[in-house]
Amino acid sequence: MKTNQLTFLKWLKMLGSSKTGSLGAIIILTVTFTASFASFIAPHDVYEVNLNAASLPPSWMDGGESQYVLGTDRLGRDLFSRVIYGSQISLLVGISAVIVAGVIGVPIGLISGYYGGFIDSFFMRIVDANIAIPVILIALFVLGFLNPNLIMFILVVGVATWYTYARVVRSEVLSLKEREFIKAARVTGVRNSVILIRHLLPNVTSSVIVVSTLSVATTIIIESSLSFLGLGPKAITWGALLSDGRDYLATSWWIATFPGIAITITVLGIILLGDWLRDVLDPHSHV
Amino acid sequence: MKKTLMFMVVLCGLLILSLVACSNAEEANVDQEKTNTEEEGKEVSESEQDQERILTIAIPNDIYSFDIHDHNQIDTEAVHINIFSYLLTRQTDMEVEPDLLESYEPVDDVTWAMSLKEGITFHNGDPLTAEDVKFTLERVANDDTLQEHGRLKVIKEVKILNDYEFEIITDGAQPTLMNLLSRIGSGILPKNYIEENGWDHFLSNPIGTGPFKFVEWRRDDRIILEPYENYFEGRVQGIDQVVFRVIPEVSTRINELLTGGVDIVTDLTPDDMQRINAQEGVSAVSAPSQRVGFLGLHHGEEHPTSDPKVREAIELAIDNEAITKQILLGEATPTRTRITPGNFGAHPRLYNTYLYDPNRAKQLLEEAGYGDGLELTLTLADNHYLKANEINEVIASMLAQVGIDVNIQFVDWSRFLELRNAGDYGQMYFAVYGNSIFDSSIGLQEFASNVGWDRASYRNEEVTELWEQALNNMNFDEREEQYQRIQEIVAEERPKIYLYHQNEVYGVSDDVIFTPRTDSMLVIKDMRMQ
Amino acid sequence: MKESEVLLEVKNLKTHFNTINGVVPSVEDVSFYINKGEKVAIVGESGSGKSVTSLSIMRLLSETGKIIDGSIHFCGRNLIELSEKDMRKIRGNEIAMVFQEPLSSLNPVMTVGKQIMESILLHQKTRKQNAKQQVIDLLNKVGIPRPEKVFSSYPHLLSGGMRQRVMIAMALSCQPKLIIADEPTTALDVTIQAQILSILKELSEQEEVAILLITHDLGVVAEVADRVIVMYAGQVVEQAEIFSIFDYPKHPYTKALLNSTPKLDFSQTELLSIEGTVPSPMEIPTGCRFYDRCDFSSEICKQSPELKEITDGHQVRCWLVEEAIDNRI
Amino acid sequence: MTYIIKKLFQIIPVLFIISFVVFIFVNVSGDPVVLMLPEDASNEEIKAMQESLGLDKPVIVQYGLFLSNVMKGQFGQSFVYKQEALPIVLERLPATFELMIAAIIISILISIPLGVLSAIKRNTFIDLFISGTSVLGKAMPNFWLGLMLMLVFSVYLQILPVSSRGSLLHLVLPAITTGTAMAAELTRMLRSQMLDVLHQDYMRTARSKGLSHFSVVYKHGLRNSLLPVITLIALNISTLVGGALVTEVVFAWPGIGQLVISAVHARDMAVVQACIFVIAIFVIGANFLADILYRVVDPRIKYR
């Protein structure tokens, strides 16, 4: 317990020494907090239609009402509540997609890098094939031909981005393989599965964490682009709010602007935190 | 260090300058070429009289092809109609008038004698003859892979009498033949041209007898037309070139209009009108369309919607006027039937009216045994119809107020069609249907037979009988009564709940006189540039 | 010797570095001079401030480093007061440098010839064609076989010795008056070291170039230098003619250095035998900076000693010098 | 040479994998026929249409046919355009290509000065500003940026055309929209590369020759920092194409993006398949070129 606390404190101290890192952490904590307690924070029901209060501007503007802080959308639904609920789904989607991608990509990267040979080239050709088709095109294709819902979206983005993990893990494993402790383990006849799970996996975790944080950001962006193209998952996500609001950009700017700001700030936070993590966990990598 | 900074600033400045310089050079080039190929509408408005007058129209989707008989797209026909003339055509008031025809009259129930105007030529100079008519109509009538085939398969034969006279023989009496022949199906193709050069050549270099001839089609970008000098009604005056520009994103279309990039913008939402009208030099116009929005209800016994009381409650729970006034901003009219004014068989009593009585709706639900609430699924093609997402969210909230929990299932368009056709849409689906031939037969056929594809399982002997009688009935008064009776029964039994008749919204530059048409066609010869 | 022309005179040079942990004094009150054509060596362990001194002369300190005080007179001009533009005219042209690690000191994506030509084209009004010929002559001069081929090769294709020859050629390219060679042989094999040193020495004599040799290796010093400056912890602790240093070292540190320098062949592992390490610039003791490691330290050593001239041209910074002289010699 | 041949051979299985996956997906997806018929078509009409398109044959047979056709460059008839799919796609390639090239050029033009400046001015306000902006550039969805740029430069300032392809001016906004994300990435990368390079010994050597700070940074530093940039651009080509798809819709740019999106909506399988193949080959080709280029530019790697 005590050592845990100590490392936590140490990390906190390291975080505190980096301005951008702590800014990122504050943003992410705030967003996570709002997402977790969305139902307590949101003042209105997100589906509650009130045509008499349609397209109200934010409360500080002329014509705004105090109960609708960020104004209302075309159907009189409270924008503040919707943005807050949006954080919940957007983050959930981002994190789930990253988990799916990691669950596929990390083992493949481990195996590919460790065994090499045919297995390696087999998986790497699949990776090449995957890279050759833009993620958004894969998503467009699959979601366009199947039913676009949240689960589907998570799976598609996860399956379309696993290669990032496979590549990163593979190259880590390739260099780890040359290290003495792995060589020793192999020579003394430790089973391959044990080497993979006990020795290699823990050593690639930091790279995986760095890649994951940035992938959450990418997923949020992809989700909003798909919503724009009319194939997003039908749910109250920031992306959907943003793309639905674009038609009112000139008349009711707030409908699209606040979700847009939410996306930008969150992605900003994730990138800042990710950069910091990269510097701390992996001081040698630059890209 | 300071010097480095300075240098960077200078470097950036130079980059920007060079970009601007390049683009200026480009612009200069364009200026020089203006007399030849300038296509920007903006230039037109500024141009002198002796310069080209180019009419630019922004449309959301590209045309499908120049096989005018193998598509099912109003957008595409709206372009084709300028290149191809039909045997008959609808005037701006939607009255059917002869176009290529000089005269037409029934010989008997299945034969029509028709004669062509003389001296009409295709864009390559070939004269239009009855041969072309036969070639065209029999192609559509016989080739079942063509999408227009379904409408013109009633034509059995075209008999040529001489160069300009021919007879159309139909399969049984066809009271709607005139309606069918005033659509793209009777757009006449050049027989000799196609036979000599091949079909592929025609598709890339289409010619017709219409007021405009084809110049260029850059897919997903633009279609360019020019007036045909020898158009049989005389060359269209005041327009030297027409450009249809494909712009899928609605805000981009509006931005083009606001900045003078285009003269006419189609497919806008009522919300856009305010923004357009706020700017000088452009305005928003609207006209009733042929489109009617409705809820389709499943009549299968496993569904609560098979109970007439539930169906009535749903209709009573919906405040149509809230939809037409607040969501569609007045650009729609409440209706209880799909056959709107201007269509044969329209029922005036069911139009511009609606039933709204939430208390009665609650009562009905209680009577039906759903006093504790009812949960229904509503399937909707995501973002496919004008404002449909919002409208359905509002409907859901209205139904919630009488105790019906609606779970909206958003699916994409093709998935929607699958679900609808398989009857797997839950209890309700929302759709907006048009009517391309201005006749009740098409709008009411789904209630009469098993040709309906939503598997709603609605059956009514009287409706079936009336519809079959009306189909080939050449007594038009009686036929109208039969259709009106069907509509009364439908309104009573509610296999579908009709909601509103929607207007089409356009944005127009003040330099152009444009009257929107109910059939959504963009007939350029009726437009004027100032 | 005294009356011969002074080329470079460093007086009371003070260079500090700004770090996150505060200001770190790296070079403290360093003074020395180099005469025309003279070969002077600065010797010291790493951290003694010898490299910083050389970079201070070139004004090539990293952003955090700053010359606080002192003067550097070169051919009568104070380099510290020169504008950056004037200073650039001196670099490469009048004072050139040869660095320690020839591979990393050469741009990997530029051909050798181009890199040498760069300074010729910069400082001399010559056409490219002439400059190329000059470069090939230079390559010849430093003993590179087939100079035309080397001209268009990339650094990574050359051997370590060749690269250092290239560096020397580069330094010589504008006939400078002074070459600062910062550990020019440390990264090289022993046999190559000797070659490089002899080339350096020969050429400097031939071209009448003064050399400031920065090294930790007294073996190298013996090969090349006329005069030696010993630095410790940012200060000059002893300065003398080469023979005086080797025959009569005065400062305990110099003595330790000499004792710990084994035969030339093992120069890589040399200084390990002096106990302890150079104090970090952060925690320099008051008083004599060698106090902690000195075998002869006494109470007086807790006060800062001055650099005193004890014989002609021989200066030492040590309280115990007189005593030492009495006792040892 | 052998390296090039080896690389080329690696492309074959990649294309095979793509073809397999594409085919599987198209086949598990729905029935295109309903879309091709009028909204009020009957069941018999639907069936007739299915047969006429060969959609009633077993899946394996369809794949065999598909593969042999793909080799010949035939992806089948587009039922929307009534013609062979590949030419339709290739017709759009120049527009997308133009957009991509412009986006790459713009992102390089933006990122080089910014990345270098930010590295030189490390930890100053300028650095913070540039880093912040580049993060923002990554954090903004493409379509959003495009619509905003259009509103500002085309509608309010009216200095650039709103949409469509035409003069160089028409290219500016779409290229910026497409290139911004990559410019952000490149800036961040160049900064860290440059920071690395600035501390390299050869930079000090260059300065010791009397070169000005500027020529040291640009002649010696930039060239070394730019090498990894080639790799990064190659890695990002795929993402860039993805961004271009969205940009094309926003700016009505008649490229593959618009085509593939409308084809997906219309379930025009032949066109979708052809698009995916063309894009994949495009990306693979770009990566291949980058690989070769890297080996040519970096003298340290021998490519034989």
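Every chain is named by a letter (A, B, C and D) in the order it is written, and numbering of its residues begins at 1.
Heads up, the rule we're going with is that a contact is a pair of C-beta atoms (placed from the backbone, for glycine too) under 8 Å apart; a residue touches a chain by one contact, two chains touch by 3 or more.
A quick note: this is a predicted structure, and the numbers were derived from the prediction, not measured.
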item: If a chain touches subunit A and subunit B alike, it appears here; value: D
item: Chain occupying the most central position, where position means C-alpha average; value: D
item: Chain pair with the higher count of C-beta pairs in contact (B-D, C-D); value: B-D
item: Interchain centroid distance [CA atoms averaged], subunit B/subunit C, Å; value: 87
item: Centre distance in Å when subunit A and subunit C are each reduced to the mean of their C-alpha atoms; value: 54
item: Centre-of-Cα separation between subunit D and subunit C, whole angstrom; value: 53
item: Inter-chain centre distance, subunit B versus subunit D - centres from mean C-alpha coordinates, in Å; value: 35
item: Multi-partner residues of subunit A (each touching 2 or more other chains); value: 144, 230-231, 246, 249-250
item: Sites on subunit B at which at least two other chains make contact; value: 251, 412, 415
item: All chain pairs that touch each other; value: A-B, A-D, B-D, C-D
item: Subunit B residues touching subunit A - in the complex, by the definition given at the top; value: 250-251, 254, 269, 271-272, 274-275, 322, 326-327, 382-383, 389-390, 393-394, 396-397, 410-412, 415
item: Subunit B-facing residues of subunit D, complex; value: 30-32, 34-43, 45-46, 48-49, 52, 80-83, 88, 91-92, 95, 109, 113, 116-117, 120-121, 126, 147, 150-151, 154-155, 158, 161-165, 167-169, 172, 212-214, 217, 249-252, 254-255, 258-259, 262, 265-267
item: Subunit D-facing residues of subunit A, complex; value: 20, 121, 125-126, 128-129, 131-137, 140-142, 144-146, 217, 221, 224-225, 228-231, 239, 242-243, 246, 249-250, 256, 260, 263-268, 271-272, 286-287
item: List of subunit B residues in touch with subunit D within their complex; value: 1, 3-5, 7-8, 11-12, 15, 19, 22-23, 26-27, 29-30, 40, 61-62, 64-65, 67, 70, 72, 144-145, 147, 150, 200, 203, 218-222, 245-249, 251-252, 255-256, 258-259, 261, 412-415, 417-418, 421, 433-434, 442, 445-446, 451, 453
item: Complex interface listing, subunit D residues touching subunit A; value: 10-11, 13-15, 17-18, 21, 25-26, 28-30, 131, 135-136, 138-144, 147, 151, 189, 192-193, 196, 228, 232, 235, 238-239, 241-243, 245-246, 249, 260-261, 264-265, 267, 272, 275-276, 279-281, 283-284, 287
